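Each chain carries a letter (A, B, C and D) given by its place in the written order, and its residues are counted from 1.
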């Protein structure tokens, strides 16, 4: 019995035994609850004849702001569609999953979605790295996936390389926004000494990478290039002080409004001259940017792919409904979530039973609040012309003249 | 026991230890002959534990310490243990989360030859080595009769005070040291247990030939065990010699009783 | 040169905020030898309470008072629940249980107030002065003055009141302090309360200076406070201020002259180097080691 | 008793081995993720539970393993066995280096320092071109043929099962050997351990090396499993998660660490409704564990000095 009990207090055998017991219980529990989960989902689908849509994105954690915004937009669209009788009498239902903006979680969530046969399509996520991890998993079943907030150019590469025809992407890309910002600064506003403040993540680095070649092509120069850690950096004065000392006459803000808003509020303190022109990227162009930046936001140019001020009727109706539902103006993520649901709904309505749903999604062409929704051969949104906004008295106001000038300058390149 | 072949001669010359401005040891020189039990006595705070700490390398000290002619100098605590020093502590320090056997087996660490890979893979050589050491541990425990042997798989934390002492002593002997430093091993024991232990120490020494430096309070223990004794007071060695002679010295009496 | 002076001024202001956070943290450390890993989250949570009050149209100073009371209460409850039972345990246990408390506070704040960064409306002066091209803001002056005033007040509190004497007795020898009739529990509790209150002041200044309150400022706060404390010397009040300023300057100049992408790296490399060279911090005295 | 133990073990093994045949892809994914965390939790347990070193930067070692595989695969055609070895080796070296450079730093200071090392790791990969900066590395695929061709979810499951089982066995073997006792001796009383000839520095460095190798193996499998490596998977939240696994499972217990991995990965999966509170629930569990039983649910560390 005492087999060379040098180690008398912890027998390895006992540990192995415990391990297997622990494993068994876990497997049992896993199988049981997964089974129950599928069962209830299946029941639900049969009961009401609903169309189930999987929605995933960061719902908790530091990036939850974007995921929750997108989900709000999706919910609003679903409610509208259901209120108007659903699709052929069937109601839409969203089932949401949290991926925390971590690729591992995104892979797990994706596998959970494809394991559940009742989903018609999936919408999400809000972080590019998550999309890249989830795409190969969706490829196994080919459930249509509408990406609603991922701007990295690598997604196009992956979709193209593997011919992921099930995937479409609703967000404009970093590769579009970067050149727009550079062109606005150099060709339209005639400022050539450029300073850049970018977020140290795939978004900031992506826009930066797309903007830099255009800057040199148009004859501008990068006087300062400073990064910060998204959602962690709150003291931007070291970077801004350096920018102030660089003698730049324009500052590009490539990051999320929650960061760039704070950065702008610290400009004066860092000695940045009020004469320096500020241009914010798409993710900066949100109303909360002004709240965070305060008075310093006045006069800032913003180049979003979407503006709540867009005068189209679809947009006015969307903004009113959104504000009524959530008490705040819609963000870019919200409008993408909203359009994602309409993309799906319109594709389903359009095709009846003919053809593949993913194919029909790619063939869609309709006016959404953010402009025309129309995909190219890689499932990317065909670029909508950028809007130039200017902050005036704490409001984002569309600048028609600059918008037209920018469009012209972009075309002439 | 063939004293000549034995190592374990400790020569301490003129060591000093300072705690800030306070001089805990002031030029103490002692010698432990191979195979002997040499005593160190002295009132509380006279520097006895500091002396052991200095020898084992826990406390930095000036002066020279030689073990069989080798200067210990700046060698680290574990290095000194490898050279053949082992000790016990005045306040017992066992590994409470381990069994008695584990505690004692750890004492043999310096003697184990099987390396990490061999031990982890449990090669026949390492198994044989462990079996051999374990047999040795049981022999040492058996010196204490039925006190430890039947309880060897119990956790150290559950033992009585005296038994913990015994485990600590076994653990030190397990290292088969050249020199063993015992820091008040009888402290907290009743007269019967003290008596027992002073008979068992020579028995253990017979099993594991080693020199012993014994720090003790109880004069009868010193009388029974030691051939030679040093008396410390206020960090200075005030006298040395045969226990009986030393005891009658007026300086010792004064140091102990505080007679003016 | 102007850029350099500007970086120094901005670094000093940021550093003063760290210093106020570090000092509350350091008091607990100096007294009991625990890393209060929840200190940053206490400061985050109580600052959110102030923000919530302000949003409910409570006058600003009233809101700060409410926040202060809440901070003290939170600090004391945390001590009672997660530390007191572990005062005699090994070193790992209280540090780990503090991590647990930090997580609870962080989660609670996220559930109550959401994950977004919130702007902080403040009545503190917003003006700025230009001296030879260098900008100094009124708020920076307020921050520096507040930090200096609190440093003086604390010094008086710890070295010239009976409260301070008792604290030092506990720090030097807790069991004996208990024996001579000092009510250790009450005093330790009071230190947590004072520490949390200083944290709140630091939080309000932080929120006003950076115009932001957000959930993850807790962890960042803890790390900055610890780094400041180590740079200045664990357990010393003056050291916290020196360390806070040093950290502020370090981050400011590091981002300005080395690379803004490696701001964390610069901070932590300095921390590690200091700990390797001076295991008790730059100006640290050997506090009674509780090995 | 022993027969019952064997029965449980055999049934457990059969069920686990058959899992890919009977479960949905999702359950298989979650099971694979749990298995990926097992070597991490076990390594953290060796460091914190058995050797008593308070360290919370394990995700960095995990990341070193994943990035090693990512970089190797994107430059040379290399088989899975070699990337496994390279990742384990690289992470082991980093672990060893961390331990050796920080050996003078006191226990609770080291806690913060290791959190800092995690941040430093992120700064480095976020700002380097070899690591693909913030976007990371993509299209990490093993050669289709060859030994250990991991191409299907089932094979990923078996690969991570193999890695996890290997790490459990190594960990048990170390703890059963005299070095296991030596680690615990250093943890419980470094001074006494030193007087017996146990050298704290090499023991701690060795454990960091072993734990690093385990984390490296996991990182390698993760890189293939996701097909991509990015900084988001190795931030301090992941370190915290690994740390929690060991605390909740019980410091010092191998089976506890495995239990911790299961509890913290699988349970939240099936309790999505409470996910909003998962952070706080974890926090409460940690406090309760520390106050009531610092040694853990299945812990072997029986004392609190």
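Note that a contact is a pair of C-beta atoms (placed from the backbone, for glycine too) under 8 Å apart; a residue touches a chain by one contact, two chains touch by 3 or more.
This is a predicted model, so every value here is computed, not measured.
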item: Neighbouring chains shared between chain A and chain B, ordered by label; value: D
item: Relative to chain C, chain with the most remote C-alpha centre; value: B
item: Between A-C and C-D, the pair joined by more C-beta contacts; value: C-D
item: Approximate Å spacing (C-alpha centroids) for the pair chain C, chain D; value: 32
item: Between chain C and chain B, distance of the C-alpha-averaged centres to the nearest whole Å; value: 48
item: CA centroid of chain A to CA centroid of chain C, Å; value: 35
item: Whole-Å separation of chain centres (CA-atom averages), chain B against chain D; value: 42
item: In chain A, residues with contacts to at least two other chains; value: 6-7, 9, 60-61, 200, 227
item: Contacts with 2+ other chains: residues of chain D; value: 126-127, 173, 176, 178, 181, 276, 279, 300, 305
item: Residues of chain C touching at least two other chains; value: 110, 261, 263-264
item: Residue numbers on chain B that touch chain D, as the complex places them; value: 56, 58, 76-78, 81-82, 85-87, 89, 93, 95-98, 102, 105-107, 109-110, 112, 116, 119-122, 126, 130, 155, 157, 171, 175
item: Chain C residues touching chain A - in the complex, by the definition given at the top; value: 2-3, 6-7, 10-11, 14, 110, 114-117, 119, 128, 133-135, 137, 140, 206, 210-212, 214-217, 220, 251-256, 260-261, 263-264
item: Sites on chain D touched by chain B in the complex; value: 170, 173-174, 176-179, 181-182, 184-185, 188-189, 191-200, 206, 300-303, 305
item: Sites on chain C touched by chain D in the complex; value: 34-35, 81-82, 85-86, 89-97, 99-108, 110-111, 219, 223, 226-227, 230, 259, 261-265, 267-269, 271-272, 275-276, 279
item: Chain A residues within the chain C interface of the complex; value: 60-62, 64-65, 68, 200, 226-229, 231-235, 237-239, 241-242, 244-245, 258-259, 261-262, 265-266, 268-271, 288, 291-292, 294
